[in-house]
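Two complexes, one shared chain (subunit A), two partners (subunit B, subunit C).
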Partner chain A sequence: MLLAVLGVALLAPALPLAHPDLTSPADRLKPPFSDGAILGTDHLGRDLLSRLVWGTRLSLAVGVTAALLAAIVGSAIGIVAGYLGGRADHLMMRGVDMLMAFPYILLALAIVAVLGPGLLNALYAVAVVNIPFFARNIRGATVAIAHREFVDAARLTGMSGLRIIGSEILPNVMPVIVIAMSTTVGWMILETAGLSFLGLGSQPPQADLGSMLGEGRKLLITAPHASVVPGVMIFVIVMSVNLLGDGVRDALDPRLRSGALSRPAAATRVERTDTPEMKPTGALLEVEGLRTEFQVGPRVYRAAGGVSFEVAAGECLGIIGESGSGKSVTALSLLGLVASPPGVITAGAVRLNGRDTLSMTGEQLRRVRGGQAACIFQDPLATLHPLHTVGDQMVEAIRAHRPTPRREAREHAVSLLRKVRIPNPAACARSFPHELSGGMRQRVGIALALVNDPDLIVADEPTTALDVTVQAQVLALLDELRRERGLALVFITHDFGVVAQLCDRVAVMYAGRIVETGATQEVLARPRHPYTRRLIACVPEPGRGRRTLDAIPGLPPSLDALPDGCAFAPRCDRAQAACRGGEIALRRDGAHSVRCLFPEGAAT
Partner chain B sequence: MHIYILKRVLAVVPVLLGLTVIVFAIMALIPGDPATAILGSYATPENVARLNRDLGLDKPLVQQYFIWLENLLHGDFGRSYSLNRPVLDEVWERFSATLILAGAALVLCTLWGLLIGIWTAARQYGWTDRLLTFVVLIGISVPSFWLGLLLILLFAVELRWLPASGMFAIYGGGDLPDLLRHLILPALTLSVVATGVIARLTRAAMLEMLRQDFIRTARAKGVSERRVLYVHAFKAALVSVMPVIGVQAGFVLGGAVYIETVFQWPGVGRMLVQAISTRDILLVQGGVVVVSACYVLFNLLVDLAQCWLDPRIQT
Partner chain C sequence: MADVTAALIARDLGKTFGGGRTLLGRRKPSVSAVRGVTFSVAPGETLGIVGESGCGKSTLARMLVGLLPPTVGTIEIEGRDLSDYTGHPAAVGRLVQYVFQDPISSLNPRKSIRQILEAPLIHLLGMEPAGRKARIAELLDAVHLRHEFLDRYPHELSGGQAQRIGIARALAAAPRILILDEPVSALDVSVQAQVLNLLADLRRAYDLTYLFISHDLAVVEAVSDRIAVFYFGRIVEMGPAEEVFGVPRHPYTKLLEWSTPAIRRPRRRTAPENCTDHESAKFSGEAAAAELPDPLCPPPGCAFAARCARAEDDCRAVMPTVTLLPSNHEVACHHPLD
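Up next, the complex of A and B:
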C-alpha cells in the first residue's frame, strides 16, 4: 500500500492528469465519479484526483525531509552528548529536557508564529520539535557502546573523537536511528499536514494534503468529498508508515520471535498422549515419567525428559544439578508453574495425595497451589510483588484459600513472621519487599509458603542468592520447620553442601534426567555416577573458599540436540563406545539407583 | 516521603524557568525589528518606537529577559494589539475552555486506553486482541482534524444528534447539559490518538509484567487468575504507563489546537491559530507560556501520583 502511494507520488509528473492548479469555474464542486473527474472537483473547479496526487507528493516530501532533518540534528546531539559524557552531556540533555517540557505541537506553533506561516517554516518547526526525541534515544544507544572495548581500542590508537564517532559509533547506533525514524515519520507527515490544515503551512496555490483538507472543510456540508478524500489519503499514508514502523521494530526485536513476549498462561500447557497407570505407593508426592519441553518455533528443548521420584510425608528430597539440568523445570512442573508458552508438559503424571495435578482444572489446581503445596523461590526481591506490603501479600495468600476476616488473617501472618524469626514482625508486615535485607526477604518467602499449612513445600534454590551465614540460618530454619510440622520438602539446589545438611535423599539431574538417586549419606559416601563424583568433588571444604560446579570441564549438552545414549559422555572420563549406543536405564541396586553403564567402583 | 515530594515540587521551578527562557529566545529570534513584527507592517513609526521602549528593546538581551520575566510573575503578559486587551485576560478566558475539553479528553483516553490495553493483554492473540489492536492502529494513524470533520458530517449533519460546533448553543444554552452535548464530539475526537497510544503501551506493559517472577509467586500462592491479571499485573503495569499518560497530556493539550479549530471551540488553541495569522506575537507568547506551564504542572501531579503508587521511588 505504501509502495503504491510512493509510486504514484513519484510518478505524478508523468501521469495523464489535468493540471492540479487549472481552475475551471464552470465545473465547480463536481461530485466524485462524474465525467472527467473521478474524484470530483473543488470549489475552483480543479480536478481533485490530480490535486490529490500532487498534494500527496508534497506531503510525503515534507514529512520525510522533516524526519531526516530531525534525525540528523537529533542524532548528532545525541551521539556527541553520549560520547563526551560528563558536563557537556549533562548540559545538552538538560536543554533537550527543556524542549520536551513543551506540549509538542505548541512549540511548533510558537516557531511558526515567529517564522511566519509557510510550508518550509512548518517543516522546520516540525523537525525542531522532534529533535529531542532523537537526541534522547540516540544518546542512550551511544552511552551503551561508548565504553565498549572496540571504542576504547580506537581511542588508544589515538584516533580523533570525530573519527571514532564516524567509524565506530555511528555504524553501531544506526539501527536505533532507523527505528526512531520509522516510528516518527508518520507523526511528522501528520503534523505538517496539520499545520497546513490550520492555514499555517503551505499557502495557496501550493497545496499539500493538509491544506486541501483545510480548504475542503470550508465546504464541509455542501461538498463533503472535498474534505473526505484528502483525509483518507493522509490516513492511508500514516497508517502504512506506522505499519511499516511496527514491522521494522519487530524485525529488529529478537524477543518477539523467541516467544518471550507472549503472556504465560495460568498453568503450564499439558499435552499428554497417555496418562501413566496409577500404582499408588502411598507416598505424598509421586512423580512419574514427567517430561517438560520448551517449544520455540520448530525447536524443541527437552528440559525434563522423563523424571520419576517420590517423596513421603515429612521427607526431604534434594534435587541437584548444574543450571540447565532441568531441576528447576521439574520442580515448577509439579504445580504447573512453568511459563507456557513456551513450556509444555508432554508426558508423565504428578500425584499429590493420590490426585494428578496435571489433569486438574484451573480451579482445582488453584486450590492446591499455596494450599496443600507451596513454593519458595530463589530471589524474593523479584518474586515478591514490589508494590504490595509483605503483610498484604501474606493476607492475600491466606484469603485465597480460606475466607478469613482481614484482621485475623493479618494476625496469623504476623505470627508466622515471628515464627520464621523476623525480629519485629509487625513492622515487617508493613514493609515493602525492597525495604528488607535479602535474608529477611527469604524468611518472608518461607513464611508466605507456610500460611496455609501445606503438606509439601517445593523450594527452588531458596538460598542461592544469600551469603553464607544467612544461608546457614535459613537452612536451619527450614529443617526445623520441616521436623516440627511433618512437612515434605523438595529442595532444588546446585550445592552438595546444602544437600548434605538438609536432605534425606538426593536425586542428581543431568540434561533433564535423574542420573543417580539414593540416600544422601550413601550417595555422598559412594557416588556411582561419574557426574555425581565430580559434583561432590566441587563441594567447598571448610576454610577453602567456594568452588562452583563450573569446575567440571566442558558444557552440558544443548537441550534441543541431545545425543543418543548417555548425555554426559562428552565430558565423562570413563566413557566408552557403548555409552553412546542408546538409551541407558536407571538401574536399581538396593535403595541406590544409577544411570550409567560403567559406574564408579565397578571394574571397567 | 515528604522530602521526596518537596524535591519533586522544587524540581519544577527550573523547568518552568527554562520554559520561559526558550519562549523568550524564540521571540528574540524574530527576524528584523521585533516591534514591527509584533505590530505588523502597517504600524505607525510612533507605535513602533513606543513598543520598543515598552519592551525595553534598547537594553541588552539578558536584561530584557529578566524584565519580561518579572512582568510575567506579576501577571503582566503585555497587551494584545489585535484584541486590544491584556493578554492574560484573554488567555485566561480561553484557557478554561481548553481545560474542559482537554480534561474530558484526557479522562476518556486514560479510561479507554487502560481498558483496551488490559483486555488485549488478557486475550493476547485471541480475536478480541487482534480486532482491538487493529482498531488501535487505526486510532493512532487517523488525522484527528479529519476525524473531527467526519464525526461532524455523521452526527451533526446527517443524524442531527449533536451540535457541530461551539461550546454552548447560541440561544437558550449555557447550562451543564448543553455544555456536555457540545463537548462529546470534540472530546471524543481529541482522545482518539492518545487512547491508542495508551492502549498499546498498557498492553505491552501488562505482557511484560505477566512474565515477571512475582506473577509466578502469585499463582503459586493460589491467587485467582482474575486477581493475577487485574490486581498484580495491572498495578505493576500502571507504574510504567503513568508517565506515558503524563506525556499524552501534552499531546492532548497540543492536539486541542486542531480540534478547537474544527469544532470552533473557544479555547486557547484556536486563539493561538488566530493570533499567528494576525501576527499577534504577544498573545502567542502568553498562550504558549500558560499552556506549557499547565502541562508541566500536570506532569508534576503524575509524578506525585506515581510516588504514591510505587514505594520504591522514594528511596
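Up next, the complex of A and C:
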C-alpha cells in the first residue's frame, strides 16, 4: 500500500492528470465518479485526484525531509553529548529538556508564528519539535556504547575523538537512528498536515493534504468528498508508515530477532522418544540417559547427550566442565528449568525420591521446586527480585509451600539468615538485594534455597562471581550446611580447586557427555580420561612458581556438529582410529567410570 | 627505586573519583580508588598485580596507559614523564599498550578483524597499505591465528581467538610495555593455558615488559617475576613471586593464599596454620561479616584491620608505612607475619 502511494507520488509529474491548480469555476464541487474527474472537484473546480496526488507528494516530501533533518541534528546532539559526558552532556541535555517541556503543537505554532506561515517554515518547526526525541534516544544508545571496551581500545590506537565518533560509535547506533526515524516519519507527516490545516503550512493555491482538508472542511455538509478524500489519504499514509516502522524495528532489533523477549514456558518442553526403565537404586536423585537439545531454526544443538548419574542422600556431586560442556543445561534440566523454546528434553528420566520429574504436571513440578529440591544460581542479584526486601521474598517462598502465619514465616526467615552467618539478620531481612554485597547476596540465595528444608540443592556456579576470600567462606558454609542437614548437593563448576574442596564425587563433562566419574580424590589424583588429565594439567596451581602450562590445543567441538565416536579425539594425543567411530560407552571400573577406549594408565 | 633504566615507574600515584563542589558549594562525596602507589618495573620483567574486585587494580592500569589522568603522583615510561606526552597520545600508544579483560567487548562488532588490526598501524605508525599488509600477516602468525580470520567479524570468534586478536592489536605498534588487565579471566581453563603460554612466548620474542593484573593468585604466580598485592587501593605487599607466595608477610596475602582453592591439596576446613583457634574461627566464620571498608569514609588505619586476626589498636589508628625487608620484599603492616 505504502509502495503504491509512494509510486504514485513519485510519478505525479508523469501521470496524465489535469494541472492541480487549474481552476474552472464552472465545474465546482462535482461529485466523485463524474466525467473528467474521478474523485470530483473542489470549490474552485480543481480536479481532486490531481490535487490529491500532488498533495500527497508534497506531504510525504515534507514529512521525510523533516524526519531526516530532525534525525541528523538530534542524533548529532545525542552522540556528542553521550560521548563527551560530564558537563557538556549536562548542558546539552538540559537544553533539549527545555525544548521538550513545551507541548509539541504549541512549540511548532510558536516557531511558525515567528518565521511566518509557509510550507518551508512548517517543515523547520516540525523538525525542531522532534529534535529532542532523537537527541534523547541516541544519547542513551551512545552512553551504552561509549563505555564499552572497544571505544577505549580505539582511543589507545591513537584515534581522535571525532574519528571515534564516526567510525566506532556511529555504526553501532545507526540501527537505533533508523528505528527512531521509521517510527516518527508518520507522526511528522501528521504534524505537517496539522499545521497546513490551520493555514500555517502550505499557502494557496499549493496543495498538500493538510490544506486540502482545511479547505474541504468549510464545505463538509454540502460536499463531504472534498474533505473525506484527503482525510482517507492521510489515514492510509500514516497507518502504513507506522506499520512499516514497526516492521523495520522488529527486523533490526537484535533482542526481538533472537526471541529473547518471547516468554519461555514455565517448564522445559519434554518430548521423549524413549523413557528408560530404571532399576531402583535407592539413591535420592537418579538421572538416566538425559538428553536436552536446543532447536534453533534448522540447527539442533545437543547440549546434554545422554547424561546418567545418581546422587545419594547427603552426598555432594561435582559436575565439572568448560563452557559449552552441557553442565549447566544438565543441572537445569533436572527441574525443568531450561528455557523452552528453544530447549527440549528429548530422552531420559530424572527421578527424585523415585518420582520422575520430567513427567510431572506444572503444579507438581512447582511443589518440588523450592520444596524437595532447591536451586542456587551464579548471580543472586539476577535471581532476587529488586523491588522486594530479602525478608519478604523469603516469607513468600515459605508460604508458597506451607501455609504459615506471616509472623512465624518471618521468624523462620530471620533464623535462616542467621544460619547462613549473616551478621544482624533482622536488618538484612529489611534490606533490598542491591544494598547487600556479592557475598551477602549469595548467602541470602543459600538461605532462600533452605526455606523449605530441601533434600537436594542444585548449585550452578554459585561462587564464580565472588572474590576468592568470599568464595572460601561460602564454600565452607555450604559444606557445613550439607553435613549438618544431610543435604545432597549437585555442584556445577568449572574450577577443579573448588571441587577438591567440597565434593565427594565428581563427574567430568565434555561436549554434552560425562567422560569420567568417580571419587574426587581418585579422579584428581589418577585421572583416567585424557581430557581430565590434560584439563587438570592446564590449571595453574598456587605454590608451583613460574612455568609453562600444558595447554590443550584446539577448541571443543561445536554442539551442532559433534564428531562420531569420542568428541575429544581431535584434540587427544592418544587418539587412534577406533576413537573416531562408533559409540563409546562409559565403562565402570569399581567406583571409577571412564568413557575412553584407551584410558590413562592402561596399556595402549 | 629511582633507577633510570626502569621501563615503568609509578611514584605516589593516586586517583580520586568524584569530589569537587556542587553549584551551591556543597562538597560532593569522593572515592579514592588508588592511593599512594609506588613501584617500578624493570625492562623485560613481569610484575603481577593481584587483588580482589574493587581494590583499584583496573584504575591503576587505566592510568598507566593514559586512559585516566592520575589525581596525584607521576608515571614515568622509559625515563620520561607521562604528562610530557599530553597532546601526543600516539607517542604513548607506541610505548605502552593495553589488553582488555573481555575479549569480545573490546572488539568493535561492526568492524572486520582486518579493520581492527589496521587501526593502530594507520593512526600510531602512519603505515602505507603495503606495509600494513605485511605487518598484519606477521601479527597473525605471532598469535597463531590463520589468515582467513582477517575478513571475519568479532562475533564469529571464540573467546580465546578474540583475545588473540586483542593481543595482536596491542602488539601492532610494537610497544615496549603491555598492560594486561585480567587477560585470561574470561576464558576457559584449557584456552586460558593456551593464551598464557602465548603471552610468555611473545614476551621472549619481542623483549616485552608486562604488567599482569589478575584476581587469580595461581595465574599471577605462573607468569610473574615479582608480585604486588593490592588491597583497598594500596600495595600491601610486594616482592619476588616465590617470596610473596612462599612466605607471605602480610596477613591479607596469607588469607588470599589460603582461600585459593587448589587441586593438589587435601580438604582444609581450618584457617592458616599459624593462627590460633580463635583466629581460625575468624577466618572461616565470624570474619565473614567484615568486607571491604566503605570507600566513602575510609578507616584511618590499616584497611584490612577489620578482617585481620592480628590487628591491634595501632592498626586501627595509624596507616602502616611500607617496610623494606631483605631481598627487595616490601610489606605495609604494623605486625607482619614471620
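The criterion applied here is as follows: the second predicted complex is superposed on the first by the 454 of 604 C-alpha atoms of A that agree within 3 Å, B and C clash if a C-alpha of one lies under 4 Å from a C-alpha of the other, contacts with A are read in each partner's own complex, and residues count from 1 in each chain.
In the analysis below, contacts are C-beta pairs under 8 Å (C-beta built on N, C-alpha and C of every residue); 3 or more make two chains touch, one makes a residue touch a chain.
Bear in mind the structure is a predicted one, so any value in this text is a computation, not a measurement.
When the two complexes are overlaid, the chain among subunit B and subunit C that reaches more residues of subunit A is B. In the superposition on chain A, contact is made by A:Met159 with subunit C only, not with subunit B. In the superposition on chain A, A:Leu91 makes contact with neither subunit B nor subunit C. By the touch criterion defined above, A:Ala578 lies against neither subunit B nor subunit C after alignment on the C-alpha atoms of chain A.
By the touch criterion defined above, A:Ala591 lies against neither subunit B nor subunit C after alignment on the C-alpha atoms of chain A. When the two structures are aligned on the shared chain, A:Ala144 is found in touch with neither subunit B nor subunit C. By the touch criterion defined above, A:Ala397 lies against subunit B but remains apart from subunit C after alignment on the C-alpha atoms of chain A.
Look at A:Gly194: by the touch rule set out above, it reaches subunit B but stays clear of subunit C.
Contacts of A:Glu322 after superposition on the shared chain: subunit C is touched, whereas subunit B is not.
Residues 94, 97-99, 101-107, 109-114, 116-117, 186, 190, 193-194, 197-200, 213, 217, 220-221, 224, 227-228, 230-231, 234-235, 238-239, 242-243, 246, 260-264, 266-267, 332, 335, 337, 339, 362, 366-371, 374-375, 377, 379, 382-388, 393, 396-397, 400-401, 432, 434-435, 448, 452 of subunit A are the ones touching subunit B in the complex.
For subunit C in complex with subunit A, the touching residues are 52-53, 62, 65, 67, 89-90, 93, 97-98, 100-102, 105-111, 119-120, 123-124, 158, 160, 166, 169, 172-173, 188-194, 196-197, 200, 215-219, 221-225, 241-242, 245-246, 255-265, 267-269, 284-286, 288-289, 291. Across the complex, subunit A is touched by residues 15, 18-19, 21-23, 26-27, 29-30, 121-122, 124-125, 137-138, 140-143, 145-146, 149-150, 152-153, 157, 206-207, 210-225, 227-228, 232, 235-236, 239, 249-251, 253-255, 257-258, 261-262, 272-273, 275-277, 279, 281, 284-285, 288, 291-292, 295-296, 309-312, 315 of subunit B. Residues of subunit A that touch subunit C in their complex: 148-150, 152-159, 163, 167-168, 171-172, 322-323, 421, 423, 437-439, 467-473, 475-476, 479, 494-498, 500-501, 524, 534-536, 538-553, 555.
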